[in-house]
């Protein structure tokens, strides 16, 4: 099954729809929580191989935080959203490492491509302590956790696989855990830069845009990897398929129903549309025109979320 | 007729299709020219009221320069495209003002919103001479034309209508002509930041994104206004409608033809899709994910085009 | 007397020293206030022609706010400093215009030259209300004051005198008062980006760097002009002269005293050093290497100070 | 001897002056070349331990390229200067590695601190080939050299020593040589961003600003390191000391000569002035106010210089 999304939550919903499952998928466990008006948290747990096969995601935790109207969010909404990130992140950290264990934060992406700049922008705002603990420990609380941070760049501008760069750094400075931030492709334009997914199973950079790189996981790096992913782009074919769904619904409501439409309604239009668009070089990857503000607000949410979670 | 495009060329094509016109529209005159492999020039002239009513554009010249693959253009392609802009601009200038007459170049848009930053970015690269002629004339050739340039900002960040700002400046410094650069909405995602339209009839800022401001024309400013427009964004509904067109064609070719599809084929899907998307808050305005590079290259094309055209 | 500073406070001190005045200069009135550890406010009032002639500043109020350690200031210090700006600005505004009278905020300077970018950066953060009052008054409190803002650019990049641009805008939109923000040259490197001067007498852009433009005052613009100036650069000759003063003091303490040094001590070394440096093309204008952070923090201080002062 | 400069050329001159050496220093060899009006090349070779002890620099080649008026340089001057860099770099590369050997280019510094942004800015413009050779070799000439590039950030923003990051990367991707770009402190404000030093002996980051980090050399990294250094900042004490030198000269010419001045003339004022300025917290590190343009032009010079040198 081609899910075209990195969000476990969206994959679960697609799997349920495709297989006509009313309740929970076997091998998954899902919890929902609402915080105030604007924040919705969904925690999907992949329990075993059944769950892994259903949604194509490794055993582990996938937490989605949806924030409404982030584009026009003020200081208060950003703070509330970052607190939600902190809370979820703290729970995962407590399960994986000790309170003073060394963390390396990694911002994937390209600072000069606006929809791909989230990772490097978050890194600018991370509170770094590792060098102070090494060189001037007296200015910090005794129980400060060492935190360091890098923006390794992207293959296209460095010529080096991200894994090669990170493997080298991890082998030299021996952090106990990595937090890796990346911009994702989403299946839904509404989620663009208004959703954060936190997963304790690592990340495959570029997967969402069909430009897959080597995975960054405990298997390749030797330490646990928490991935923080934020959708920032969407394919034209996705927009068209979603629009077509809404359009057919409307036609049917307006009594234009016919066998052909009914049959079309059942199918996944994405693949069909993609086959039409690709030869015309029309399957652009797009981002909302407000992407600068969205990235700005979302990097505040993620950076603060990490800063509060890594220190007490 | 709702054309959803500021490009006279696209309007003419839509009008011809809607009215089943094989040759030229009455009241228009069109010329095409190809320069090398990658550049296509189309000159649409609105001759009289017939033409004005057909495509909803004032009497005057509308020149479209399409540049293929601008996203990955190198120095040479950018130079060639800028030479095409220079040539067209020179012809218009020669018809409107004298060789040494004062020109004010205006970059509309918001520097901090990537797809809207074209105007201010072009202004950075304009060769300014007005102040040198005033204060140190001896360092310039005697026949240098006075050129000045401003980026007035946008209503949302200044609180002032662009017309109010420009009217004030024009009344104070008395240029003989304005060249106004603006980012447009396009009907076609392929044209995004790969097309320049030059018109000698002025501009209505924001028209393409349904956020219409007061017009900048000889009527409101008292001097001729040449508008240089570059499409940088497109509506989700446009993408969906275009994709649906391609999709239905494909279905019909695959012998899925039926009366309903045939009928659908005839209609303009844009309006129908927009009606579906708007209530769902799904009619996003989007831009390609490579918009940073596109804007960079296109502002080089436009700035050089203007610099060579305004000086000999 | 060549004061080489735009700060009325520094001019007063220089005048007192040069004329051996122990108490207050005739025609001036000075008040000092300390807020917490880090903020010092000095209010110099030029009362009459005597005062005008003494320090070469027009009759009016000149308020200097010195903020210690702004380079490494955190959120709290920035907030405290901005509150000091708000309080002084509110007092001046209440003397000049009514509570709902229209204000235009003007950010002088060049966004692309770091030490000259303060004005345009402040403008980005000003809360604009004028267009909302015009187009959607229902979303604002009834007693919201109309505020608009522009960054007119600098002569070198526009080719137009700032006064010509502002005169045009003022004549078209009729604000009741202007607040003009500019980066200044300082006499003292310690004051760089850690001092704000607020004056109710307008401004002469570029005066501090010997690149004087037409004045922006009630005389030229027809409405009162409050100037907010922040020192961001200093001449090499100033650094050398100040260092030489300290150096000679040290020599004298170390018993190297001799008639020549004693005599040198009395004189103003700046002019002598400048005469030496200029022919060598050595009189650079410099800025601290941390200027990016200094400008960042200072524009937060000024923008917030204005935002709280213009609205209730 | 405290040279306060990373430029071998300046150290040689200081050593000669301090030791009253008329010709060449024992253990050094120096060559000069002038290219056109604006470019001066000086090649200092440290031949043996005598030379090493004299100027405190390792055995090897130190090439200084001085470019006049880089601040206002046009396209032509930048091209000429970059060709000088290419020529010198090519000679060093040919002595150290084979024509197709893998090179890693490293841009030290902090992108967000203008005078420290040179390294990261150069990296943006380096032609990267390593990944293309790995993934799409068919699009390149067969004899293309693999080039990769990273901007590792600075200790203050990553929490990690640059050496730790680079050691990890070098051990993983095994380049045959590193080219490391860094901004330096200069002894002379005239050299700021108008001088390039190329050395085949590696680099000690931060040495010039008294903030010394672990050295990046063949000893620590296992492969040869070519350092490209560009002065971008200068201490206030340096400006003061140089100004004082000029000032005393002037006083002596004007017949103010006396024993004290004569004696002062002989001494190195820098150390004395520094002792005066430091306790007053007055020994700022400064940069010219035009630093943005200087960095822009110098990074074009260096990036082009490297691009032409690494490929045929």
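For reference, chains read A, B, C and D in written order, and residue numbers begin at 1 within each chain.
FYI, a residue touches a chain if its C-beta (ideal position, glycine included) is under 8 Å from a C-beta of that chain, and two chains touch if they have at least 3 such contacts.
The model shown is predicted, which means the values in this text are computed figures rather than measured ones.
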item: CA centroid of subunit A to CA centroid of subunit D, Å; value: 42
item: Inter-centroid spacing, subunit D versus subunit C (mean Cα positions, whole Å); value: 36
item: Averaged-CA centre spacing for the pair subunit C and subunit A, given as whole angstrom; value: 46
item: Multi-partner residues of subunit B (each touching 2 or more other chains); value: 112
item: Topology of the chain contact graph, where touching chains are joined (line, ring, star, complete, other); value: ring
item: Every chain pair in contact, whichever chains are involved; value: A-B, A-D, B-C, C-D
item: Complex contact set, residues of subunit A against subunit D; value: 111-112, 123-124, 128-132, 146-153, 155-161, 164-165, 167-173
item: Of all residues in subunit D, those that touch subunit C in their complex; value: 112-116, 189-190, 233-234, 236-237, 239-240, 242-244, 246-247, 249-250, 256, 258, 260-261, 269, 272-273, 275-277, 280-282, 284-293
